[in-house]
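Shared chain: chain A. Partners: chain B in the first complex, chain C in the second.
And now, the complex of A and B:
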């Protein structure tokens, strides 16, 4: 953006373009507030963004680099009488940690790779900021849980965390790559070069969520007409990992009918259970406070159904109380059948589209957008303890009545240990459960692989979701962290996929490339407080649940605090319904305006990624 | 433009097009105008007709390629109309018409249009109709169509259309093999041409077993879904009974012949030939009751004196000429009556109405239904199917269970309790007929069984004594007149209001009607047609309260000597 001066007066200034911030921006702009929406990053959607493959590589690189301490400028010259400055914290670069990248496919075309027999070591980069992870402990653990004794040891270690200081790890690499090429002599593999070449066709999400068809995000998209900016695809099947196999979970009526793994009696029991749990019954109340699992056990459903109901439909753990389990089951069932045979939708081109759609709506109604633009400090009235204005990183004073900020700018004064999410993104060469159609979008629930391990949610996206190239699948794994992302998720990856760590699983899809990282789980961060003025609101970022309920509820709460009298995201008129008075077509809601904003955003994003 | 303005201008347009049509203007401009009108309301038959006139005219003046283009444009326009209203009669009909006239039709495109429509609404019968036409004309292989029903049923099995379509495809694709023993008397005719007319409607056993599994998956998944149950009933099958004369009865006293058929016939038009001692007789066949034209029993009176001499022996043959079947009956010296009939087994009599499946198959089906009933003890479809399976297997052996299930059915589905009562009555009567067959008696008795209706009365042609006391009967229907041999009728303690069926019963002597609901003298009128009636018990009927009832009854029924009021 050109270094033009921004208007110096707004109603609402919002810093950060994640989902809740963008929804607040759209909602405020929609009811006539003057909105300035900023992000210090060069792309939209903050940690909710989607990247091309190359974009993701630069994102990774950015997190590898040492964050340069920013010098704090003194803007006190801009203060008036009775005002004081409150500096925002440095953007918290630790919101992403334990970044580790592995490439299991050959660097160049097949022949070259074989002759060089060394996958480019620079691609096997692994970055870790917490170097206290002990590889040896990890491999022991592996050995006890899986039959990896023979291959474990050395390989395990050399694939394990590579500290940034770079010690002694490169010794075993040739061994690894030859083993790899011997294992897969026939299959024509997609090379790393190919991934990079076709990188623009990937849309890799940082967060992995799905939209419940009757969840608050879908309702909001419909209510506000923002849905017109995006397209969606149904998740086509629910899978689960059980007894070493990936199985389809029958959840809709059609699934139950067609299922081959259930007996007719099980079919009846399952359908009856699903129907009966929609209503609160006395039987449910009798179990009040006890675990959902106990209730399921007493229904005499059998192991099959119990597994499906607990892990794949309610998606809760064995100690979840019945109230929560039933609520989750109902949420799942209510969403079923609205758009298809599963309760979930996925936006084409990735989840990063959703915050951008709301930004677009905001821009259509006059919101102003600046990327690579941040706020340094707040101007606070000493008497009222309200934020009167913000001072941006260029020293411009912009007055505002409300300020919304993403939580990474708010200091880590609360010393409470932050919860983390473990994430893995895999590019694979096949589906975990091949079927007639190779365009399945699958939600896979994976119960803890062993004691102490977390429940993992896996989403497998096919090329028709416009997130990966033909011949590949994009797999997202998410769980609440127990250790680093690698520690939490690698055991699942080796069980479900064919990697150098699991060479015996030749019938499973191969992992071509993968990245592990931890993100901060912000659910729990308060909207207000943090020693900030009363008209400053903090968006807490990501949460670990599958749906978007948390983010949307948060956005709505913030909006209600800002504008308690106003309707939250009323329907935007259709462009063709807008009546221009007289000959003055320059009314605010011009479509050109909107396209400009959206396109600009995308252009900026792609520039930075190249 | 406001809505009203739009409306007004449309009416103007309409008026215009009317005039143009009258004037015989058949040009492309008219095509444009009608298109504009139809695109806002595609259910305007007159305009479609006008369009067809124009198109047919254009066909005569344009080159073939141009015609193809015009019709293709028409199809595209129709598609937009169907988007507006996917159930528009006019649009679908017009599409049929256009597709048939298209010089180079693209049937695969039409099929995919149907698929799209059905994926939006899988019960759109307009689309189903159109699709059938497309499939027929374009000759889509039956196997592919069966796959299509697989797909539709897979995505939503609550779909009568798909199940029904399946029932028409299966016999074509998997016909019953001719050597397999078939309880149905008509041997299936395997035809290589796969034409449905000559084809048996049965399916080969291997495929049937697969279908049983499929449909069981459906009703175990959702036992309240009717479509699967109906398909199941179709699978279990129903035999056509052989058309035959099941009984010939001749009575010397009345000089009357009664003939019972395996199915109702129209007495006036049925082609019957009566041969008496080698001589064809010209007789008038009639139904047993004037209100009952199609009857399984026909009667005729022989010319007076032909068989009245008790010392003569007579040989009688009734030919059903159109069916090439006949039945003989000999009336020996010294006998006043004679009959000839099949000793029918339960298999032939009633079981085939329910299923033609083999016992082993039925037994395993009964087992899985019982399994479902254990999980869903109150499911009416399951209960009813179990009843039917039990009847098909062993009606007498399962009598007790059947009655208990009927009781449950009436409780869980009170809206249809009368239907269940009637069905239960039917089964009780069938069982009693079977028992009577085995005992070879001419007495028929069902008392205190809550009968609500009477049926299978043709099976009672030879019964002389019937006791239906203490039931819930409300009438003796016209069919009752088939009991040509009846001498004693006991129907005490019912709710009878109507005696229509007690009509021209030549041998009837006693009618016991104690405690019923006969309220008017006119209701007793039919009894006057029974010449031998001498004992009538009317105690406990409202009619007995009327003034002068005794004298009026004596006048109405002079033959009655023993009247109880």
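And now, the complex of A and C:
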């Protein structure tokens, strides 16, 4: 099957299945363009992907291995008169760097180790394989975890065991298990083996973002009907880290009035402030160009409110100008209450679903999909400096009128030093703020923990988001890099969680496993330029903001350049509204010979219905 | 659908709304501000804010009444119109997903069942996402939502999200094509990775009208299906052999499982569909 040849003529060829590329694909296909959508990887969504636990381990391994330089093939024999080849760069693995992995849970549970009669032999094998590829913590980190050994107590006893030193584990198990059962009769510690065994139930995002209920992504999902391919959950609460504690931020009217942290006076002030900032006032103009913080200070709101407004609602820094601060506040407030008590939605199974949903829409309208398939070079007409065709990695020449490409394929041409994002993903055993419900989805804003540290955004996902297994939470941390991901984020992790580096915080959730890495922040990359032909468009997409505005705007801009006259993602007909000719007894003959025309008729009909 | 326009379920009630388990595929989410107005029109003064509709469908409009919201007749009329268009009378809704190599006849099976025709040539249907057919099983109305691959199987590039929240999978091969049979383990691996644990899988050998060209013996396929604890059936989309039976058998099995689940009340396995689809209704504001 894999040997089948691709068709050799398309209107638009797209390389890379990240969010902006996928939106462009859906938009073009929807208005009748013939689209070929490729990705060299074996999975969808590129750096926007979500992985199972085991998938993430292989992804990590792949980045820890030395990349083998790919040899450049000479395809000049495929050229015609007046054409030249422009080679794409080797997909650069530098888009991910500084990967560090730590496992703080014991490798295997004792009972589990004894009863090795797992029902499914293939599953057993998978577990072993994955244990082998397990990346080990770097050596000085192991030293710190070992230190813990003497602290005592059931929790620590298990915590200090890193997978590489599993053999010297628990000799006095009876004592240990009674201690544990006294402390927490129901909670059984989740082992590394368990994480691997249940690995497929994790969906771990590489990027961490949320969808603003009135943001451009939600609007686009609704407008285009792509929303039918996914399901969503509300983010249930906004939290903030302050004075060493995690607190809930009251943001809806109901929250504000129910809040016990705020005094009556503060409640009134907050409501008055929120109402007033929806409209541009003269007072705002008077502060033009000055920091939002200064404006907040002068409102005499008090420390509490000022913190909430700056860090949790506007989510800006202390030197952000007032215009930006107010715009961010309004964006937040506008999204509030559309679907729930917070402004955010999160897709079930992780953000990696969203690009795939757009790909499905593209395919439904005839787009052709091929993973594990790449483009080696462009065929450029020397006179017009336009890309006439691409040559794929098997040497097939595929003609196209437009070519859209993920920036990592042209990455090396960008001269400017790239900005980076710092990311951490933790699997923990409890919520940072336990509450009545253990199924909370929380957005946590963390102001700089000390001078010259970045502002960190943390998203805590519960198992009902279908991204982690029962008994665990999946925590994503993101910030703009100041140093490596570990340097930027480990201080936050040790403050908010119980790790071998923060042994005194037993009351906080424990980190079972975590990974740190840096990603390239593409928000500075230009769509055009790069010395590429005028009908080649570069998508960067990934940026450090919480929402998806940047990626969606970029996709729309590219679409408008390709098809300036066309509507961007008009609604696809609802399958339930489509009336088929086949059901109409008056046209039994027509359907057999003019199927294509019938298809058109269907679409027409469904559109007139709406 | 006449009098069922007002369904207001408060969040507390939603939790005990056990029918949710029967149809994980579709729970709609309405934006608070745009839709609640509509309800206020139909809720007459004095009635409790919670209505059970006459409709036996089990989609849920999870709305909290916003007493302070302004009443907008315009919005309400549009919403009511939408409801009357989209609300149907059925007891179960199941999402069925087809997979298997390209060319084995998946699209033809769907079109034979839903439209009663055998399309000439490649049966690709541009712009059609899934097809719907409502069937009657022992007096219960079962709505089947049948999803096709949109051609993504051609180069082995099906999106994972395609498998999510499927209640049943039809794994199809072509009895005249050994290769399509040999690829089955690969498809099973994909199912294991991405589909819900409780998904019902049926193996289908299609094109039995081409008996003289058969390459895969029935016994071999039966043994394979049994080893993988799948149901097995042979069909012809062309001659309409066993096509009806295929979907009706699946519907019966799905109902049986749904009833069983309800009995067991097993909450351990998280069901897909705990999330909510962004409502089509929110398009009201765009109309």
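Here is the rule we use: the second predicted complex is superposed on the first by the 497 of 610 C-alpha atoms of A that agree within 3 Å, B and C clash if a C-alpha of one lies under 4 Å from a C-alpha of the other, contacts with A are read in each partner's own complex, and residues count from 1 in each chain.
Quick note on the criterion: a contact is a pair of C-beta atoms (placed from the backbone, for glycine too) under 8 Å apart; a residue touches a chain by one contact, two chains touch by 3 or more.
All figures in this text were calculated on a predicted structure; none of them were measured in a lab.
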Checklist entry - Which partner does A:265 contact after superposing on A: first (chain B), second (chain C), both, neither? => result first
Checklist entry - Counting residues of chain A in contact, which comes out ahead: chain B or chain C? => result C
Next on the checklist: Output check: A:365 vs chain B and chain C. Expected answer is one of first, second, both, neither. What do you get?
Outcome noted: second
Next on the checklist: Quick one: is A:495 in contact with chain B, with chain C, with both, or with neither? Answer first, second, both or neither.
Outcome noted: neither
Checklist entry - Just chain B (first), just chain C (second), both, or neither: which does A:230 touch? => result second
Checklist entry - Touching A:576, do we find chain B (first), chain C (second), both, or neither? => result second
Checklist entry - Is A:194 in contact with chain B, with chain C, with both, or with neither (first, second, both, neither)? => result neither
Checklist outcome for this item: Counting only contacts in the complex, chain A reaches chain B at residues 253-254, 256-258, 264-265, 267-269, 271-272, 341
Checklist entry - In the complex of these two chains, what residues of chain A are touching chain C? => result 1-2, 4, 6, 44, 52, 200, 213, 218, 221-223, 225, 227-233, 337-340, 345, 347-349, 352-353, 356-357, 359-360, 363-366, 368-373, 463-466, 470, 571-578, 580, 582-583, 591-593, 595, 599, 602-603, 610
Checklist entry - Inside the complex, what are the residues of chain B that reach chain A? => result 154-157, 216-218, 220-223, 368, 371-372, 375-376
Checklist outcome for this item: The chain C residues in contact with chain A across the complex are 27, 29, 31-33, 85-86, 101-102, 111, 114-117, 119-121, 124-132, 150-152, 154-157, 159-162, 164-165, 179, 183, 192-193, 268, 270, 272-278, 280, 282-283, 286-287
